[in-house]
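Next, two complexes with chain A in common: one pairs it with chain B, the other with chain C.
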Partner chain A sequence: MSLKAPERSVDPVDSGGASGTPKAKKGRDSGGSMVAQRRKLMIPFVGPALLFYLVLFIIPTGAAVWISFNKWAGSGPMTWVGFSNYTALFKDDLFKQALWNTLLLLVVVGVVMFVLAFAMTLVLRDMAGRKIARSIIFFPHLINALVYGVLAGFLFNPGGLVNTLLKPLGVTDPPQWLAQDNLFPLIMLTLTFMTTGYYTTILMAGVDRIPPYYYEDCAMAGANAWQRLRYVILPLTWDVFGVCAVLWTISSVKIFEIVWVFGGSSGSGIPPTQTWTAAVYTYATAFSGESLPAYGAATASAIISLALVTVLVVLIRRVMRRDVIEF
Partner chain B sequence: MSLSVRVPTRLKRRRTPLSGGSVWRTIGIVLLWLFVAFNVAGLIWVIFQAFRDTRSILSSPFGLPESWSFENFTTAWQVSDFATATFNSVSVALISSVLTVALAAPAAYYLSRHESRLNRNLTLFFILGLGVPVQVILIPLFVMLNEVNLTNSLIGLNLVYIGVSMPFTVFLLTGFFRSLPIELEEAAALDGASPAGTFVRIMLPVAKGGILTAFVLQLISHWNETLLALTLLQSTDKYTLPVALISFVQQQTYSGADWGGLFAGLCIVILPLLAVYLWLGRKLSEGLTLGMGK
Partner chain C sequence: MTSRSARSKTTIAVAGALAFSLGLAACSSSSSGGEGDGKSFTYWSMWKVGEPQQKVIAAAITDFEKQTGIKVNAQWQGRSNLQKLVPALNTNSVPDLVDGPYVKAYPALVATNQALGLKAAYDMDVDGQKVSSLVPEKYLKTINIKLPDGQPWMLPYQIQSDAMWFDAAKYPEIKANPPKTWDEFITVLNKIKAKGDEAPIAADGDIAGYNAAWLSTLIVRNGGPGALMKVAEDKTGQAWKQPVALDAAKDVEQIVKGGFLISGYNASKFPLQQQQWAVNKAALMFNGSWLPTESSTYRAKGFEIASFPFPTTNDSHDSARVDFSGFMVPKKATNAGAAEKFAAFFLGKKYQDLYGTQAKGIPVRQDASISPELAGVQETIKSASSYHQQNDGVAFPGYNEKVFWANSDQLFLGKMTAQQFVDAMVKDQAAYWKAQGK
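Take a look at the complex of A and B:
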């Protein structure tokens, strides 16, 4: 309260010096001009943000669609080729592999991670020390995926930590962890480890909103743990699940760093093609510097990722749609 | 007073599931704490290794540092030029995050406070950007910036980060401004404050917490951003930390692994994040989770 008083007295003095005075007067006159005047503020308030967004996000997105219909090496003339970049992509084994890998990340890592995250949420819900546990498992999400790529490289090195640990257990002939065919499963494992904590925290936020008297009702009605899960926790956190699914779809399609450093550390700088994801395909096709850059094909592959995200998000929203339960 | 009321409900809440609990629950708790411990131990282990030389890291990976020598750090800092990269990363992350929030906060305020169809559509238009994977705009951005000589330039990178961050920041801040009571502005309007004045003098101070969260979340995401920086920056003096780290890793394949230096590099990436998280932890996780739950 005491804070408000000086602010009031400062206000007219301040606006007296600036051009604000006539505006302020109008505001007092009538509600109608207040609205009109607020509308005038739209340009200074929203304009700059919109400008940056349009120029550096929307126009590039539109340009990407345009480039994907052309054959273009980055400089020189563009040739309109219609859909042939797209048809060529679906005949390209490399791209099919990359798309398949992206889907594997999305679905397999997604499902495993959700099961783990939900299980962890149920355990965490009423555990002693839940706050500290929750803070700790959230932190890995803030760290660059590159770090995990480097660490995994160290752990699974032929002379690395994992093999050192296996030796006393009698494993004298450990698998070639970093062989090209084993890399992708390792990447999936690392990603699951990295992301589970984050999604656990989001689910926790949903579960925490459930008022405790629901559980008390359950106990009174003699519900067992499974019934409590089925009839209280799941229905009341359903919308949070939907949000998580959308979030994971969006973020899994752009996974790049971890693949890049995982494979890049074991070879010529470009990861082995068995591990490529859609984002790696786009980058490598355009910027690897090994062959003539094919910007058309590269952007077409990116547009396919965009289409994938769009279709999946619409699908998820439709499947997950339920009447929102107010509580 | 309030304590004596709260304690029993807490106890009750904790006891209810235990009555239906079982061996599974105990196993779950043990596994969960193992996972937590693994996370903490991993972090400490990385920090310890950064103080040891490559040979002893490889011969006894669980060894403790014999002395707290900063040799790896100084090598990474000087020889591998992490110093320049760190400086670039800090400046880009700070500048672009400040500008992102400075642009997004007024927009989010306006869009959340003035109900109209246009504004609803505009908000949606901003949020739609969240669904566009960054690889879509990678090539057009590179070409556009090349046209105006802003590739291999930190200014160009800053601009790109601001544009790319708009969807998330506007999304986060519109949600935040919506949660603030509208009575504040009505009172300010009655007192004759102009709408712009209301925003600067009344709403900004009230919204400080939300804006700080948005700022730090951007700081973290720009600190970590890799794909755009890798594409847009070509010379080592412009590299940000993630790009420098990648190039360091790639050099290792030719010159033999300098794990000590690498761990020092990882620490330079991780430790500032840890500091920020210790400072603002709860706010950050809430910013990244509560907004999603709504």
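Take a look at the complex of A and C:
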């Protein structure tokens, strides 16, 4: 069993990459027809996907860049304004605050979540009933953000569950949970709750493919839990962790609905500006409903978010680059 | 060799077919342009199936189809219909008729220069009367629903207004003698506060628009309809220092600092405080004419809903809030004629009565029946000498959400004094207009 495990769990992409070179060499040795065949199949196989990608992603992104240089109410006449949408954004304190909030979510929630996720992988690895435990911790991720928005009222309203439970404990003057200044920390908390299980599950998949004999080695060498994490688990799941970090970066910059439903009557109004993220700023600018839509400014903000994601992802890939350890 | 070329031909054929079908798909979405035959039209409704308003409109559609033979393709989209309309206006498949409130319709259709002038609809006859005579002229003096060429772009069928709502069973004295001026209003609040069994005012402080309504109504009370617009248009922001705005902010501060607002209003989620009001935990609520319907399911037994208009701050300005909701026809509509016919048809007395009694809205026709809860509001509207709109019609891009509401929240939630609020508005508004390139 212990011998089989590593074989089965080897990443298919890795195996393709690792064994691809000798295969290709072999192909070239035997006349190169294989390579030619492959090249020919490239167009019919990749073409449709590429076409869809072009039509659905590349062209709209290009259009967004174009719109961001214009003043436009969504339809009707467009006026070319050059970079002024961008300069206006960087002068707008609210946009800077929204970007700051986005970074707070990315970094603070990200760090807390990954620490929790790693801690849980350690506990869950040799826990009894871990399959059930895994399903349970994954569950919060399946729930629609709207539910959390409604639940927040149920729990944290002045006469809500939390204050009702606090009363017998002698807390007569509980904090104003849902005051505007407390909303953002509450959002961060909820977000941690929502996403930790998801990333724990992915990390667990990485941890599971570590062959048990490494742990047996650890046990024999007398390593403690921290050393096991530091010298076995982290290095061997580094690539999985890298993917998770990239996924989190991408999704955190797009965080929208949780902010939207936490303030402003669970989505029917606009949340207080203190809680806005870049995505909420973009939406409110384009679709506020009670002001003239400013599609130019909104797309400019979206393009800045896109640039931010790109830069962050490249940086993370750089920072996290290690030689993949084969095992 | 032959096999290779055959294969590459197949490749080209497959790719070609795919590209062609994609192209076709792209075309079909925009191929509905051109002139319609006028035998049918498409309607994107702001109501959803099952809502009382939808039922009334659906009943009218059935009668309309029977009488005219025109088929109505109604899509009950709900409140986001106008948001969906904006991108659709860039294609050739646009609905022929849409409806919605002024605040949403103006940005979506008029600011984008996509609204059709509805003179033809206003010239039609309904119940033997001209449609234009059914939309009271006096509303249109301060509420501008006209295009630059003088044609109206909306045919309103309902009005939303606001009032101070209370339980007449519990406060018969307020019903008999409602406070008319701000000072009288404060006296009433003090009396309720002194009694101590309920808070004087309920408010859902998490809804920025509700919070701002206090301030914007007070500004309109101080300076008449258009006063807030004038202040908001000031590129330097200095207009906020004038008494018309500063006094209004001080009045809001008085409400906040006076301890008249229900405890926890600044840290709760809608509709909690509205529900508290409905079960007599607070006496008054300043809210829209939709409140009787919205609170109907949870109002305490014996709650006799009644209202009085927002108090005046001086003798000259007693305008009533009139927010139109109505029908619009996009310029690109291919069956505009048929759509206008239905818009006019819906102003028939039968449907306006149904709208008042069953959908419990305020019909735009003054001779239409109305539910007892809204009779007071309708009376206020009829007797008012002038009219104002929600936000006083201010709709500059992002201004409400990013500048006005953000600061008025701070004032209403007690985190800023009137003076701090005014200073913040001067600064933020000047920055706003500068960013707009003005």
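Keep this in mind: the second predicted complex is superposed on the first by the 271 of 327 C-alpha atoms of A that agree within 3 Å, B and C clash if a C-alpha of one lies under 4 Å from a C-alpha of the other, contacts with A are read in each partner's own complex, and residues count from 1 in each chain.
Operating definition for what follows: a contact is a pair of C-beta atoms (placed from the backbone, for glycine too) under 8 Å apart; a residue touches a chain by one contact, two chains touch by 3 or more.
Model, not experiment: these values are computed from the prediction.
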- Query: After lining up the shared chain so the two structures overlap, which partner does A:88 touch, if you call chain B first and chain C second: first, second, both or neither?
  - Reply: second
- Message: According to the stated criteria, A:300 is in contact with first (chain B), second (chain C), both, or neither; which is it?
- Response: neither
- Considering only touches as defined above, state whether A:53 meets chain B (first), chain C (second), both or neither. first
- Examine A:316 and indicate which partner it touches, taking first as chain B and second as chain C; both and neither are also allowed. neither
- Query: Looking at the overlay, what does A:99 touch: chain B (first), chain C (second), both, or neither?
  - Reply: neither
- Query: So which one touches more of the residues on chain A, chain B or chain C?
  - Reply: B
- Query: Now for A:73: first (chain B), second (chain C), both, or neither, which partner does it touch?
  - Reply: second
- Message: Under the stated touch criterion, which partner chain does A:113 make contact with: chain B (first), chain C (second), both, or neither?
- Response: neither
- Message: In the overlaid three-chain picture, which partner chain does A:44 touch, first (chain B) or second (chain C), both, or neither?
- Response: both
- Task: Check whether A:225 is in contact with chain B, with chain C, with both or with neither, and answer first, second, both or neither.
- Result: first
- Note on the structure: On chain A, the footprints of chain B and chain C overlap at residues 44, 48, 55, 74, 153, 159, 264-266, 268-269, 287
- Query: What residues of chain C sit close enough to touch chain A in their complex?
  - Reply: 4, 7-8, 11, 14-15, 18-19, 22, 83, 86-87, 89-90, 103-104, 107-108, 111-114, 204, 206-209, 263-264, 266-272, 391, 395-402, 405-406, 409, 413, 431, 434-437
- Residue ranges of chain B in contact with chain A within the complex: 9, 12-14, 16-22, 25, 28-29, 31-33, 35-36, 39-40, 42-43, 46, 58, 61, 103-104, 106-107, 109-111, 114, 122, 126, 129-144, 159-160, 162-164, 166-167, 170, 189, 191-197, 199, 201-202, 220, 223-224, 226-227, 230-231, 242, 245-246, 249-250, 252-253, 259, 262, 266, 269-270, 273-274, 277, 281-282, 284-286, 288-290, 292-293
- Note on the structure: The chain A residues in contact with chain B across the complex are 7-8, 10-12, 14-15, 20, 23-25, 27-28, 34, 37-39, 41-42, 44-46, 48-50, 52-53, 55-61, 63-64, 67, 74, 119-120, 122-128, 133-147, 150-151, 153-154, 159-161, 164, 197-198, 201-202, 204-206, 209, 212, 215-216, 218-219, 223-225, 228, 239-240, 243-244, 247, 250, 253-254, 256-257, 260-261, 264-269, 278-279, 282-283, 286-287, 295, 298-299, 302-303, 305-306, 309-310, 313
- Interface with chain C, chain A side, in the complex: residues 40, 43-44, 47-48, 51, 55, 73-77, 81, 84, 88, 91-94, 152-153, 156-159, 176-180, 182, 263-266, 268-270, 272-273, 284-285, 287-294, 297
